Every structure is written in structure tokens, then in C-alpha cells.
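Below, chain A partners chain B and then partners chain C, in two separate complexes.
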Partner chain A sequence: MGASKLSGMQKQVLSLYRGFLRAARSRPTEDRKRIEMIVSTEFRHNSKEVDRKNFQYIEYLLRLGTKQLDQLKSPDIVSLSSIKVVTSKT
Partner chain B sequence: MASGLIGRLVGTKPSKLATAARLIPARWTSTGAEAETKASSGGGRGSNLKTFQIYRWNPDNPGKPELKDYQIDLKDCGPMVLDALIKIKNEMDPSLTFRRSCREGICGSCAMNIDGCNGLACLTKIQDGSSGTTITPLPHMFVIKDLVVDMTNFYNQYKSIEPWLKRKTPASVPAKEILQSKKDRAKLDGMYECILCACCSTSCPSYWWNPESYLGPAALLHANRWISDSRDEYTKERLEAVDDEFKLYRCHTILNCARACPKGLNPGKQIAHIKQLQR
Partner chain C sequence: MAARGALLKYLRVNVTPSLQISSSITSPPLYVLLRRFSEEVRGSFLDKSEVTDRVLSVVKNFQKVEPSRVTPKAHFNNDLGLDSLDTVEVVMALEEEFGFEIPDNEADKIQSVDLAVDFIASHPQAK
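This part shows the complex of A and B:
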């Protein structure tokens, strides 16, 4: 029952997502909801847009996410916010 | 750059001043006047074209990385690879991304792989001739964009060897410098000049296969710099910290590091010194 065996990369993505949610748990409720909203929209957007075979880009996003997670875990960081940027494909 | 200024002067000032303005660049630099004539002739008269194949990958439009061709007139460009890269970025493709700072080989920002050899772009002369030059980022490093690589692992390894003076006893004259003889200071020559450009570490095949566990020639060179420093009192602890199957002994004296170093240092020799001290 359930999904077929997950690949190593898929497991990494899921553990990163879990890491973000755990980091959000240690924050006050207001911040926690905002972090969860940003992280879940980002992950869902990328899962739809990014090709499953594009390993280089997925690894790049994983490394970026791990760095952001390490920053978020630090007690000096107050909150997480995101801006929508429209990139012109020139 | 000078030709751009000429264009603006000619466009805005009255014709009387325009002729004077056209005389000025001839006095400033000869290349400015040459650039004008070259622009008018269309690069026909004695132009020395060279093709640069540059690794491109954009995380905003991610696809497969590719080698893009750019043609540069060497007569119109400085002698170093960095001059060519800046010229391409200014005139042909502003999206080309690379690190650079001092343009004189002291900061180590512009380290990249030029024609298969690691080096600093600001110190590597463009090879004269019609054959193209291939410019790629430092090998076996994660690419952030075009020629910019992720150096965090490299810097963390440097941090891990604790590259600062550590003492158990206070200085003999408190609040004054800790004295060191000239002979002891001479022991540090060949190690203190390292600019942490990462050319050596990224040329080491052993570092390619074990980047997380092997410290790499640059970090080990600095480890030896602090081990050999007569003022440092934690020598034994430093040696024990490095004495590890992976951290130190992944070095198999391949000596690509000494070949790649743009400052002419020999990290392999310093690593051999550490191995010798380990008993």
C-alpha cells in the first residue's frame, strides 16, 4: 500500500521538509504558521515545476534549502519571509 | 570604456567642443583611439580574434550546463583571462557570472579552471594563437551559477584546523608581542602566503573522491603553518587533531597541488612535514 520505494534524493527532499517543519515548531504560533506556509508553498511549487530527472537543479535546491534551514535553526534568526520575483526569460 | 565616454561627449556637446573631445582620448590612452578606429573598420584591419568557451549554467532557468562560445579581439583586450571575462561581461553577455576582486592575484576570488589547469584568472595570460580557450569552474565543486562555486565546505575545513595562535602560558612581557627569532619566522615562509584560492584542493584527485572527510592541501598547509609556528603552544594537540586516517592520510603525494598553486607554494611538501612529525 502507499507509494513505491522512494529514491535517495526523494528521501533527502522529504527529510529537508521535515527539518523545516521541526524548526518551525520551536517558534511562537504566529511565526510558525508563516514559516509553514512559505515552506509548503515553495516545496509544492518546485515539485510541480521541476523535472524529476533534473538532478543538478534538485541538488542545487537541496543545498540551498539545507543552508537556509541551518540559518533558521540558529537562535539569532527571528523569522523567515519570502518575496515573489518574476524572472524574465531573456 | 573610453569609447563610450567619447560617444557621450560627441552626442551632447556642441560641434566646436566635439572636435576637442575627440582629441582628448588620443592623449589619455592610445588604446582609446585604437578602439575608435577598430569600431569604424569593423575589426578587419589586423584583428586577433580568439574564441573563449565558457561553462554556463543558470539556476533560474535550469537546464543542462553548456559551453558557450565568445569571440574576443585580443588587440582590444588586456593580457589576462580576467580582462577577457570582464570584456565579455561588459560588451557581449552581462549575465556571465564570476567572482573577482583584486585583479592582481592576492585575493584568490577568481580561481577557475582555464584550459584544464586550475589558476587565477587575473594571473593567467591569454594564450596567443587561434586555438580556443576553455574556461570552466573549479573541478568537482558544486556550481552555484556559471563560474561561481560553493566554497563553504572548503572554508569549514579551514576553520576546523583552528587557524589562530593558541597559548597555554601568557606572554613573557604581558600586553606586548610574543617574540620570535628570524629563524623561527623563516620556518613559516612558503605557508603564510597562501590566499585560500582553493586551486590546490580542487586539483587533488584524492580531494575529489573524499571532499568531506579529507581536509585537502590548503587546509593541511595552514595546519602545518600553525604547527610550525614557534609561538603556538598547542602543537601536540594540533598534530593529534589531524592524525586521522581520512583527514591527513588520504594524501598520496599526487602533488597536483604544487603544480596548480598560483602563488608557487608547495602544499605537498608541507603535508609531508606533518606526516613526518606524526610518530
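This part shows the complex of A and C:
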């Protein structure tokens, strides 16, 4: 895919990804590694599985991700785990 | 009259040395000030060849990249086969190497080694 011209939605996704990696940075090394692993797996999984034209679903994932990122930023959150609810693409 | 002439002569002779002395006293601090200032200005921007070396080593150390394919002109996607998520990771690694944060709109533009070098070398906060 041509990486030079990104759509607005792609930019939003990348920005969210960047946000997660930034939030992971403020954690101790071990937690950071784990968070990075989970986040990167999730983004890569969705980048393969989600239809690029399924804007509604991507919007939903963006909202979900933003909410999760806000939670991760709060110092009360000690860890992150992934519970994968695999919904079939519609 | 003679005394006055002698006095004037004495003064005239005396004035020039005293001026020389005062000018030689004032010039060193100015020099030091200027030198300090220029060093400060130079210190805020990193040398381009140093930036290139450090960017190259960061990109080569990226796990998905084959080090032999990394050149100063390499494009992350076309030459190194990195996708947009990988590119975000590379740019984040560069942020850590140079100790400053790259805003989203700038980070999205960094698509190759030379673009990264240009941006970092022109950024006064890069360390």
C-alpha cells in the first residue's frame, strides 16, 4: 500500500497507535514490553482482518481504542490484558 | 607657560597609553561573550553526519529490517518493506534516541531515512 498518502482514518489509527506506545513508555520496562506486545498484536491483527472499507467498524474500534488508551494513561491502571472478542466481519 | 606646556605634553603622552590599556581591558570579555554565544547556537543543532549515523543505527537495529538494505536514502516502505505501523515504531525509536517528541503531523511525513535526518537535524531540541 502507498504509505505516502494516508487517509484521514489511517492517520487516526496511526495516531492512536503512537498514543499507546507513548503511554507504554512511562511504564517499567517489563510492563512496557508486555503492553507493546499486546498493542502491536492487536493493531496488526485488525489491520489484516478488518476490511479497509468497513468504516463503521473501524470508527468503533477507534473509539474503543481511545477509551482504552485513556484508561491506560491513568496511573491507577497497573496492567493491560487482552480479551479478544472475535466478531465475524459483516 | 613652560609649566603648562610641560603638563600638556605629559598629558598628551599619557592619554594614548591609558586608552590602549582600557581598550585591551574591555576587549577580552566581549570576545568571551561572543564565543560563548556562538557555541550555544551551534550546540542546539546536531551535526548532520552525526544525525545520519545515529538514524542509520536505529533503523538497522529495528527487528524487521535487514541491516544491509539500510542506506541514507532508503524509503521505509519501498526499500525496507515496512508498513505504516512499523514506520510509527521506527519514528518512536528515533524520538527516544534523540530525546524529543515528534508531533503527529510531522511524524506522518517521515517516510525515509533522509527525511528523518533532515527533520532531526533542523530540530533544535534534538539531543
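We adopt the following convention: the second predicted complex is superposed on the first by the 79 of 90 C-alpha atoms of A that agree within 3 Å, B and C clash if a C-alpha of one lies under 4 Å from a C-alpha of the other, contacts with A are read in each partner's own complex, and residues count from 1 in each chain.
The working rule: contacts are C-beta pairs under 8 Å (C-beta built on N, C-alpha and C of every residue); 3 or more make two chains touch, one makes a residue touch a chain.
This is a predicted model, so every value here is computed, not measured.
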Based on the superposed arrangement, let me know which partner A:Tyr60 touches: chain B (first), chain C (second), both, or neither? first
Between chain B (first) and chain C (second), which does A:Leu6 come into contact with in this model arrangement: first, second, both, or neither? second
Could you figure out whether chain B or chain C reaches more residues of chain A? C
With both complexes superposed on chain A, which partner does A:Arg44 reach: first (chain B), second (chain C), both or neither? second
Touching chain B and also chain C: which chain A residues? none
Within the complex, which stretch of chain B touches chain A? 57, 59-65, 142-144, 150, 152
Would you mind writing out the residues of chain C in touch with chain A in their complex? 76-77, 83-85, 87-89, 92, 96, 104, 107-108, 111
Which residues, counting only chain A, touch chain B once they are in their complex? 50, 54, 56-57, 59-60, 63, 67, 87, 89
Name, in rising order, each residue of chain A that touches chain C in their complex. 1-4, 6, 10-11, 14-15, 17-18, 21-22, 25, 40, 43-44, 47
